[in-house]
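Chain naming follows the written order as A, B and C, and within any one chain the residues start at number 1.
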């Protein structure tokens, strides 16, 4: 006779088992929270508008002021002047001390009519061009003619701070011979552009090929051995680590880009490699979309005398668009997050003016570069991570909305 | 006339679609073929930078590019150790979480946890790397300190295991969820009708019915652990000899070997990375083959 | 003789829809009761009320009373899990667990906390013998149950239910997925099991009902039209609708 177990004992073992699943889930939620928290705490403070529009590499300029404007004036103090900022009444410029790593003096503002509106770039001799003043330029050195008519020098290179320089400007300077200024750098503008390049190139190639392949596999192919072979070969790609795509890219596709005149690893190469990496993703999501379309739609079109390619382009494809879009969103996510394959194919050199056949870094590879410097720049890496994560969240949400819409359509 | 045009167009598109399929299918062949072709170069007698011995490459226990000693043997062992370590840690957690999401959690909590898993899956490798090289390393450093061990800034075997465990978790969980949801409702009812509680049913019948799918998830997770590169390279520490058995010692995996120092390298040191890639392919192939055999054996009871 | 189930004014609703309408029936101990009727008439739903499997369905509501051995089946303090060990069930489609034959039978007892291998072995052997499956599988107890034929799988499911030593076995069209030979074997088995268990069987086949059962209830549109000894139902039906059904005028 079976002894029926007592209620209590059974309940306890049930509680323990259930508790374990709660525990495991809690751990995963905590890990996610920890990652988000870390990235936010470390990175949020570095995210400013500058970051998106600035170059990564600081650049130096030797500038001067147009001759007819190069003289002392009288300017009103601007109404909104920060406490730690200094205003030169004679030149109409606001200077500020900045301690970001090393100390520097930054030009933060110029008033209307200030001589600083009329700057000339004389970095390249014999090719003087006009120079646009922008906020955040660092004033390193100032050559000027003083009241006695002697040339003299000032600037942060001589350990002078903003207050000192303003004093010199207002009391001593009659004419500015030249200035040595520096842009701040540290921005990710170039990497953003590169990322767009990669997105464009990879989708341009992967989308038509992937969708075509899915159409063939789902609409034309008979269920035979060859077809299932092709299918499983494509399936195998999902298990290939991305670093191997990188190796394949440099060995197979690099010669292709060489034909277009590439000499180093380049964005075109990266984009093509990513296109191949995206193929299985796009094929799979397109096929899933095709699977949901009722056969009756196709039969209806065929029975009206349409050929199978007409049926595909006029009936099947339009219905599959949300599914293909899901594939595109997934692909965008992969391109933005991909690093290993790209390190091999686009290099790790951060390029401020990337082009099709030059090196450059996507945002993810930018992070890699930040982490592989002598002193890893965690703040910067976390800031870019935060940007990427925000984007990933956005993609996730739009995918959910898309699939909800898609689901409603057929149910 | 128009009809004929239509038929030609039809054939044209069919051919176009077919060639796209053939192209996509040939990628896997291209990858293997070209990596092997380039990877084999350093072992051939006519290699321009001086031949490397294949035997000492495969079974070597030292990797010193400065001395032109390339031994990948211990790196393979390290790779296996880290990947299986991560699997060991992550597998139970992911199965329990999957069970929680698919069967146990109240609908709202299940939806929330689903998003957690999706987000974890969406976080790029480099971001995990940044997280690992700052948070996990300092955690490991503290653990090591409590054992009285000094680590190389927290970069260690253990760090890699923890990192990989987190990274393969979402893959395995979402596959397990799919497997659990596919379990026949009848089997569940059968168990309940025998007087098993819901929990007993979930743990005994549902999990064993879904085991083949869950196992497939584990295989995929292991594959990810083998191939994960950028994050691992940030925390592995790149030991020059091995294998590494000590959890707090630095280690070196196949992928970290392929990635580190790529910026300033040419010659043998560059080419040998393809040989390492070739070894990685072999490791993935062999482990997949063996595990699929094990899976079939387990599946037999099914 | 004492009835084992006493059903009084039982009504069941799925949301707004009433599926069972004011059922009154007494089911006798150690008899085979057949529930017949066209599909969708509520006989399977009624069967599932008897071991409270309907509890698992959302927005399913029950009115009226069912007494199992004089106790209220739907009493708030009733331990449903324990009830199901006393009222076993066999489903339409054989649903063995993906485990070995041994583990399948031992599953229920193990859930009750029996761990000793010897005790389990004893239970498994007895159950398989009672289900007339022992001779066919005794050499391969550790093989997967999924490898058995459909008829064997169904007898395994019966053995699994028997292993719990229930009072009642509910059978929901147990032979509908099987071929005639396997069906004959199961029917033979049901006949033998009558000695020790009360069996309630839902069936689509009137021949089966007349062959195996002692009493028969005819369901139509959620109501019990007629309930009587099987011979009476099939030879002298009192109700016109019953007659129409058993003579095959509708199905």
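The working rule: contacts are C-beta pairs under 8 Å (C-beta built on N, C-alpha and C of every residue); 3 or more make two chains touch, one makes a residue touch a chain.
Since we're looking at a predicted model, the values are computed, not measured.
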item	value
Chain pair that, of all pairs, has the most C-beta pairs in contact	A-B
From chain C, the most remote chain by mean C-alpha position	A
For chain A paired with chain C, centre-to-centre distance based on mean C-alpha positions, whole Å	64
Distance between the centres, which are taken as Cα means, of chain B and chain A, whole angstrom	26
Distance between chain centroids, defined by C-alpha means - chain B, chain C (Å)	49
Multi-chain contact sites of chain B, meaning residues that touch two or more partners	197, 200
Numbers and ranges of chain A residues touching at least 2 other chains	10
Residues within chain C bordering two or more other chains	81-82, 85, 111-112, 164
Chain B - residues contacting chain A, complex	6-7, 9-10, 12-14, 16-18, 20-31, 34-35, 37-38, 92-94, 96-97, 99-101, 104-105, 112-113, 115-120, 122-131, 133-135, 166, 169, 173, 197-200, 202-203, 220, 223-224, 226-230, 234, 255, 258-259, 262-263, 273-274, 277, 280-281, 284, 288
In the complex, chain C residues that touch chain B	51, 53, 56, 81-86, 88-89, 91, 93, 95-100, 107-108, 110-112, 144, 146, 157, 160-161, 164
Contact footprint of chain A on chain C as seen in their complex	79, 81-82, 85, 109, 111-114, 123, 164-165
Of all residues in chain B, those that touch chain C in their complex	184, 186-187, 189-197, 200, 204-205, 208-209, 211, 300-302
Residue ranges of chain A touching chain B (in the complex, touch as defined)	10, 13-14, 17-18, 20-25, 27-29, 31-32, 34-35, 38-39, 42, 208-210, 212-213, 215-217, 219-221, 229-230, 233-234, 236-237, 239-245, 247-248, 251-252, 276, 279-280, 283, 307-310, 312, 333, 336-340, 343-344, 347-349, 364-365, 367-368, 371-372, 376, 378, 381-382, 385, 388-389, 392-393, 395-396
